[in-house]
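Next come two complexes built around chain A: one with chain B, the other with chain C.
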Partner chain A sequence: MSLRTNSLFFSYTPKNKDKIYAIRDINIDIPLDKTTAIVGKTGSGKSTLIQTFNALLLPTEGSVEVANFVVTNNRRKNKANKDLRKYIGIVFQFPEYQLFEETVLTDVKFGPKNFGDSDEVATKKAKVALSMLGIDESYYERSPFELSGGERRKVALAGILAIDPDIIIFDEPTAGLDNKSVDELLDIFTNLRKIGKTIIVVTHDMNLVYDFCENVVVLENGQVVYQGSPKSLFSCNSQLFSLNLPNIVKIIYEISKYNSNISNSNIKTLEEAIQFIKEVKK
Partner chain B sequence: MNAIEIRNLNFSYTSDKKILKNLSLDIKRGSFVSLLGNNGSGKTTLTKLLVGLLSPDSGEISVEGVLLEKKTINEIRKNVVIVFQNPDNQFIGATVEDDIAFGLENRQIPRDEMLKIVSKYASLVDMSDFINREPSSLSGGQKQRVAIAGALALSPKILILDESTAMLDPKGKSEIISLIQDLRKNMPELTIISITHDMEEAALSDRILYLKNGEIVADDSPDNLFLNEKFVEENHIKLPFIYLLKKELNKQLLSSSGNTIEEVIKNVFKN
Partner chain C sequence: MNNITFGRYTTENTVVHKLDPRNKIVLMILLMITIFLPFQVWSTTLILTGLVLAFLIVVMFLSKVNFLDLFRSIKGMWFLILFLMVIYFFIPDKSYTLPIPGTPFYYDAFYRCGYIVLRLIMLLSITTILTTTTKPMDLTYGLEFYMSPLKVIHFPSHEIAMTLSIALRFIPTLLDETNRIIKAQSSRGVDFEHGGIFKKFKAIISLIIPLFVSAIERSEELSNAMEVRGYNPKSKRSRYRMLKFHWCDLFAFLIVGAIFGGILTLSIYDQNIIQINIIYAIFGKMPLF
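Up next is the complex of A and B:
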């Protein structure tokens, strides 16, 4: 099972004669049993790409295929959009784009209700999702626009989790969250994976990519320049794409200057790297 | 000389919750201060109080020696510029150019000079190619760059960055940080307050303030704060990597000296 794009192009100004494509000729295959990161510089097309996945943006050319959905620029063929958006949920880069109801609780309830749940069921789902994000009852009746930046992101995250999509796409989900909340979000990710959900995450955090994802897509100027495992990306190619190295990769590189055996080891954490040093120094 | 003096500041949005409790604080002119604290701890609120977007329940604020009151608000807003968390909230212009120019228009700067300033700051943040674009049509990181340019163009005495680099790619982040370092070299009087959850960024500042339950619970150099194991653990702070590396080496009784990863590893193998 995978999500595939076929010669996918998207332009925000398709009618201009010198149209600029935000993404060009994208052919990727995202396995649904893996966690995928989408990375790349500012403006490389990450947010644009993911929005074609659930037809929030329709391809200018080409298509996206996932399960039995096909997204093309032919509106009539895309009748199943509502089902598609139940199947794939996106948490936006800026929570402000997603929040619009008068209170936190009605905002988070909106998704499940929109997809057919009764008020009672939707309320229950909303409360469960909010509590996962550490947003307690005292927030339910407050306006989402009178929250702190991080609180607002948590409500936006809860809004998508409450819909319970099979594939969840997070666009820079950790931006604005405090250190503790980031760890809590990673725990939520781990649980989502355990119950069989697919996670796709757009991020600038290479530690998150390396430590948490099994697959990574690198975009540059709207095109895919790498697709594969984080390990092989950072072992050879990342400088080419001006990505930062994950901390653990930096350490392994430095240690390899003194003992090259580390490059062939399977070391994944700082603790393991330090154990390695201890052994070598014995 | 202090850029900011805060005395016994109290603030709450609603009667049931105090956001700031009798807060007193001085910030030296020319310093680079990080303001840290968990989500909802009151960081953004404090910055809004500083420019009179909110008014305190009690207490006093002085900025560059001027007491904040109704009649001094405009003067103070000339000195203090905030780059807000979500850049969309501060875009006013129809194009990137208009937007960066907007604040300057209020200052009666002649148009040709204004355009020069605009193009200078657009190029400093690497957004020259986007000058005619509508700000709302930019990517997240591009928006943040424009918002930073708009703030810098006003040449404030105090620049407040409220998570202004959260959406930038790592290279963009370090570009903005070195841009700010350069500015400080040229303008030793420029005071910078940076609100961030990124400890690598906080480690670069002169001083860290940690806000919790309405009070400043730590006020220290990055080094002292990150080496205070109890505080770090209690507040679930994710150490900058170099501190984490040294701490773990220390635990294993290995040498842990040096200022970069390269140096530290070199020293481990040498000693």
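Up next is the complex of A and C:
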């Protein structure tokens, strides 16, 4: 099972003679059993690409195929958009700005109800999603607007989780979060993976890519320049795409200057690096 | 939402762009008054309105206004035209027009409806010329200039101009924000295009509340940012870019002034002394209307 794009092009001004493509000729195959990161500089087309995945933007040319859904630029063929959006959920950057209901619980219920769930089922799903994010019952009847920024983001995230999509796409989920909140978010990702959800992350945080993702797609000027494992990306190609190196890779790189036998092939986590340094010291 | 370009400032280097915004505001008001001046004879009204329209078309060419965008916005007026037609068909002014043979209706409906639509198109053209050739900030400087004498009676002219310029500056930002929220809510299953009234109402609520919240938060952030940079509305302010009156301003003023003055004189003459009938004066024949 995978999410596949076939010669995907998208332009925000498709009727213009000199149209500029935000993404061009994208042919990628995202395995649904792996966590994938989409990285690239600002304006490289990451957000545009993910919005074509659940038909928020229709491709100018080409198509996106996932499960039984095909997204093309033919509006008539895209009747199943609602089902597709139930299958693929997108958590946008700063999702807290999408909250609008009077209470936390009704806001989280909003999504499932839109997708046809009864009030009872929607309430059940909302409570499960909220508890997954560590939001207890005392918050249910509070207004989302009186919560802190971090809490609001959790509520917004619960709003998507309650829809119970099979694939969840996060657009810059760590933007504006402190270290503790990032760790909490990683725990949530881990739990989601455990219950069989596919996670796709658009991010600038290379530590997140290295620590958490098994597959990475690098975009540059709207085109895919790399698809593969983060490890091989950071071992040789990262400088080519002017990406920041993850901290762990920087450490290994510095050590390897003094000992040519050392490479990052067997070291993936910070703990492993510490252990390795201790052994070298002995 | 991203494609709303009609009426937005365009970066060109035309003579209309170079005019002083204070001058452009006055010229716009004069032209607007001109197209509303009354005449007793229909044909005279239409000929003089046609003259102003021709002048506006020339100005639009000069200022490189996108005609296609203008036509697109006029296209949305079909309902108004239909509504006016129906009203005028059933309440005709029988005093000076002929009946349509074989029907209980009068030609008058076409004239009056056409005239109103023509005037609306002209109003739209005038405002379009102003907004596409004048930077929003310059426009507010111009408005502030005209409001400044009111400072004597403690009228907050600077604050109003500042508020206006900020509001104009934030229109594209709010459009982007709207687009973002539409996408976020669509991801939660909201359908903004289909469904009954109740569903659409709920969909609009899910858009408007977050939009208001974010706009208010933005305004608060902006006011804080202004305050930390020492903004004080009461202090006397200098300006980096001074507005200057050029020769082309005088020339434009003379042309528009001549059009306005001429048509105003004719209108006063027509209303108070003798009916002006241009067709009769030129061709010696009475017009049909």
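Structural remarks
The definition used in the following text is that the second predicted complex is superposed on the first by the 256 of 282 C-alpha atoms of A that agree within 3 Å, B and C clash if a C-alpha of one lies under 4 Å from a C-alpha of the other, contacts with A are read in each partner's own complex, and residues count from 1 in each chain.
The criterion applied here is as follows: a residue touches a chain if its C-beta (ideal position, glycine included) is under 8 Å from a C-beta of that chain, and two chains touch if they have at least 3 such contacts.
None of these values were measured; they are calculated from a predicted model.
Superimposing the complexes on chain A yields a three-chain arrangement in which chain B and chain C clash. The partner of chain A that touches more of its residues, comparing chain B with chain C, is B.
In the superposition on chain A, A:Y12 makes contact with both chain B and chain C. Of the two partner chains placed by superposition, A:Y140 touches none, neither chain B nor chain C. The superposed model places chain C right into chain B at 78-86; the other stretches listed in 78-86, 114-122, 186-194 or 222-230 stay free of clashes.
Residues 12 of chain A contact both chain B in one complex and chain C in the other.
Residues 12-13, 51, 54, 56, 82, 85-86, 89-90, 92, 95, 97-100, 110-111, 114-115, 145, 159-160, 163 of chain A touch chain C in their complex.
Note for the complex: chain B touches chain A at residues 13, 37-41, 43-44, 85-86, 88, 137-142, 145, 162-163, 166-173, 197, 199, 236-238, 241, 244-245, 248-249, 252, 254, 261-262, 265-266, 268-269.
Residues of chain A that touch chain B in their complex: 12, 40-43, 47, 93-94, 96, 146-151, 154, 172, 175-183, 204, 206, 242-244, 247, 250-251, 254-255, 257-259, 270-271, 274, 277-278, 281.
The touching residues of chain C, when paired with chain A in their complex, are 2-3, 177, 180-181, 183-191, 205-206, 209-210, 213-214.
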